[in-house]
């Protein structure tokens, strides 16, 4: 893999996972990446890359990447257990199952994933407050893809 | 032509189909399990979809997830590769119902040829020789014993729905026949959810010779010559070669004709293989048909100049086969060694793990099909094949010299492989002479 | 057949000849300089001899050391590869005197064809068209000026003993002709110890098309078709292709015939290449003959099925060519990209150093000839070529798709290479259309 | 290269150069080799290998290797500047130019190397006492190959 491409992926990975610093050491290459301002302060991007022994990486702008997740610590992920199409509401025009701020319990239905014409209701599987919905309605999802971020409830 | 094809497989064959798509200018989508995430071949696809965790039942064998992946990526067609769902009639039916082209034969054709008993009937009807054996599934042990007395021991018991050696048992006398029938039934039930078995006379000095078929949707059926696959260990092929050594032109022409005839009889489309056992005296017997691409297809590609996977995709898209049987020119001899991550010194136990150094051979007469590279991690969940090494020469001696040279150059560190085993095997006189049969590897291993 | 051959070269071509020896069952000895000590290909030889320090003059170009290495290893023959001593008449003579077979033409034949002026005469005598120009070496500047007026500018000045673009100059008018003659003479003197130059009319919209010849010691001469080598930068070939696109069957057949005729006229033996310039209107002109294996020989091997290096060795050992012109069948289209360790973004400056990751492409229609691997150190002393990537397809479109796919798969890290340059170049319409000439790369680089 | 083969070569290299310990660390492999008894004590072999993370190497016996050099420190090497055949004396039956114990000066002729029928007299190029002759008469030599080991004269 091209170094630039590798950096692109690392930057994307940082953005996806809200990382502030990342260091990789390989036999012939050491890469260190660091966001310029803490991601929490500037949540919508602003990633900058510093690379040792190589040129600077391009920022991820203009790429079809998920928006960088909020770099809040301790957020929980609700992931997709299947492949299919993501729907936020039971039918066209109906209210979405959850919005940001909704408090969910493990049995709360959070979305539908359609696969092979079957509508599968997805449950939260955890207790928390939905803080981010990572997909648009009717978007495709893969196995294991993060659908929602939730903040655990303080007990 | 299709605009997008989903590849419902992994590793070497996923990359093989990816390459064919690239060569045809068709977009490709590959599915993968979390065990294969990060594999380099995924980068060569136009898109990839993670479909599940490592166990094949929840990923590569999971029909619902693969169809869902096809739906969300808007593909026209699915290529199943080999193994996994490649011979699942159920999967083909669901593709047909979902209006996705399955790159392979129609489900009804696959069902007919997939059932070994029915395939045997079809062959018999066309006067293609089959081994003496039961007319259909064995109804009772007594029936089997009676029949075995007529045709003579040893007897081989096979699962009607079978393949790959599963549910297969050998009986040398009446007592073992009764015991083995019970075992074979329970194995067949477990493997194929169908406990029907049938019996055949066992030929153990025979060669395994198969004929490659290509057929389009417009009635054109051609063969691309035969392959010898006698170098097997526990019914797993290790080395394949074309043309088959020690097979007369008469036999060659007879089995090719029989294979085309059979494919035509069932309305076969796409790539398929008709397997025969060939006796030392040139007599041949139909064994079964594989309704899919074979691992060993590259040797046929090398000598025929026909890209079987491209043609498979093209005919599935409704194109006419651009080849005429009589105009095909076969050139030289090609041999394939399947390089597995296994330890030959430890009963061929599989050897997954990180490949620290991978230097493939190259140059004239060498083709390497592999999805691995220095740093690749061989996952422990799937087949252990890491590379197919194909050597070509104008004649068998030079092809073998090229194979020897390529095996010598091939460096894989970090995992054990079967390369040293092949280096030894090809030096064995029994192999080098071309005068071997399906028991060769057992004898070779016994003699080492 | 020889029992032992010394390979008087390094890197990719040393490995190429090594592989041919292995395929023929002939032992091989490779010489190497201390800069190449530890290279993996040396392990594939039966023996290797360190002949000197890195500078070529003290190792690969040092006749005494190479002959001494041949003596102490008891070889029958020496294969010179290409470059270094491959076209040194002096070296061939010493081989002949030492009773070591030089794998190539006899020294007298090499001397005739190596002198460009004499080769031009021989071609003219056989009614093979040559470009308008001087009858022999230019005696005086005035003579050149007078001739240039007759045939018209631009004029190309070439060294009589030349090759590889050295001593070559272009003049657009009388003043530049007088200046360039002096420059060309001094370059020629420096490069070849012979300052004779001759002039020719310059065709700059032409294609460079060459015909591959094979001849045995018994009077049999065949051609293996032609190659287009118009994709050049500063007279260095970058991409070659066979059959040549945009060349009519008439022209193809005429130049093939001319090449065979010329080889026959001088009693040529072994592998050789006759180079022509071909005009847009199909007119062709003899340029020169290369009396050795060419870098780009693999594309011819792929479409013809003939292993040129094996045949070269076999005919040098006195064997008869086993091919008949009329029975040769050419199949499909093959293209080669020379992958150099150079930085296209920095004027193709060479980029030696350690290759940290090397993942060659593979699969159907792909051949890679390379001596490098992950961890190989490209020495700064020699040619920058690290790999030859050859793609095959049944037609030009599919061959280009395969080349595109292979370039995409090819991963080399640690040094800069020309791979990204080729990825861009093959997408250019002027290249993809097949409608290009020897100025294409300059125009392409100008337009980027 | 196979690890075993690599170890073989390392062991051979140790033997050739009289090394007592050798440690190699590569990205994926660490090898440490050590002679069981100091080479000076047991000059004619007796190398044993200890390999971390891998099986033990085979000893080099039975291979056509030069005998292990004496592991005496500070020996000087007289190497061949050319390829050819090594002769210890000017002609058949004549006295060798040098034997062990001979004191040589830079201009002392120590042997002949024949290349292309030419007999080239080789000079020592250093001052010292010849302690080992590493080749047999009429053996082939490569460029850079060590011909003699010499002990520097104490001054």
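As written, the chains take the letters A, B, C and D, and residue 1 is the first residue of each chain.
The definition used in the following text is that a residue touches a chain if its C-beta (ideal position, glycine included) is under 8 Å from a C-beta of that chain, and two chains touch if they have at least 3 such contacts.
All of these numbers come straight from a predicted model, not from anything done at the bench.
Enquirer: Looking at CA centres, what chain is most distant from chain B?
Expert: Farthest chain from chain B, going by C-alpha centroids: D.
Enquirer: Out of every possible chain pairing, which has the most C-beta contacts?
Expert: Pair with the most C-beta pairs in contact: B-C.
Enquirer: Distance between chain A and chain C based on Cα centroids, please, to the nearest Å.
Expert: 54
Enquirer: Nearest whole angstrom, what separates the Cα centre of chain B from the Cα centre of chain C?
Expert: From the centre of chain B to the centre of chain C is 42 Å.
Enquirer: Could you work out how far the Cα centre of chain A sits from that of chain B, in whole Å?
Expert: Their C-alpha centroids are separated by 41 Å.
Enquirer: What is the distance in Å between the mean C-alpha positions of chain A and chain D?
Expert: 63
Enquirer: Would you please write down the residue numbers of chain A that are in contact with two or more other chains?
Expert: Residues 1, 27 of chain A each touch two or more of the other chains.
Enquirer: Identify all positions of chain B at which a residue touches two or more other chains, and write them in rising order.
Expert: 357, 411 - these are the residues of chain B that touch more than one other chain.
Enquirer: Where on chain C does chain B make contact in their complex?
Expert: 15-16, 19-20, 22-25, 40, 44, 298, 301, 305, 307, 309-310, 329, 331-332, 357-360, 362-370, 373-375, 393-394, 398, 401-402, 404-405, 408-409, 411
Enquirer: Which positions of chain A touch chain B when the two form their complex?
Expert: Listed in rising order, the residues are 1, 82-85, 115-116, 140-145.
Enquirer: Okay, in this complex, where on chain C does chain D touch?
Expert: Chain C residues touching chain D: 34, 40, 43, 49-53, 59, 64-65, 67-69, 71-73, 94, 98.
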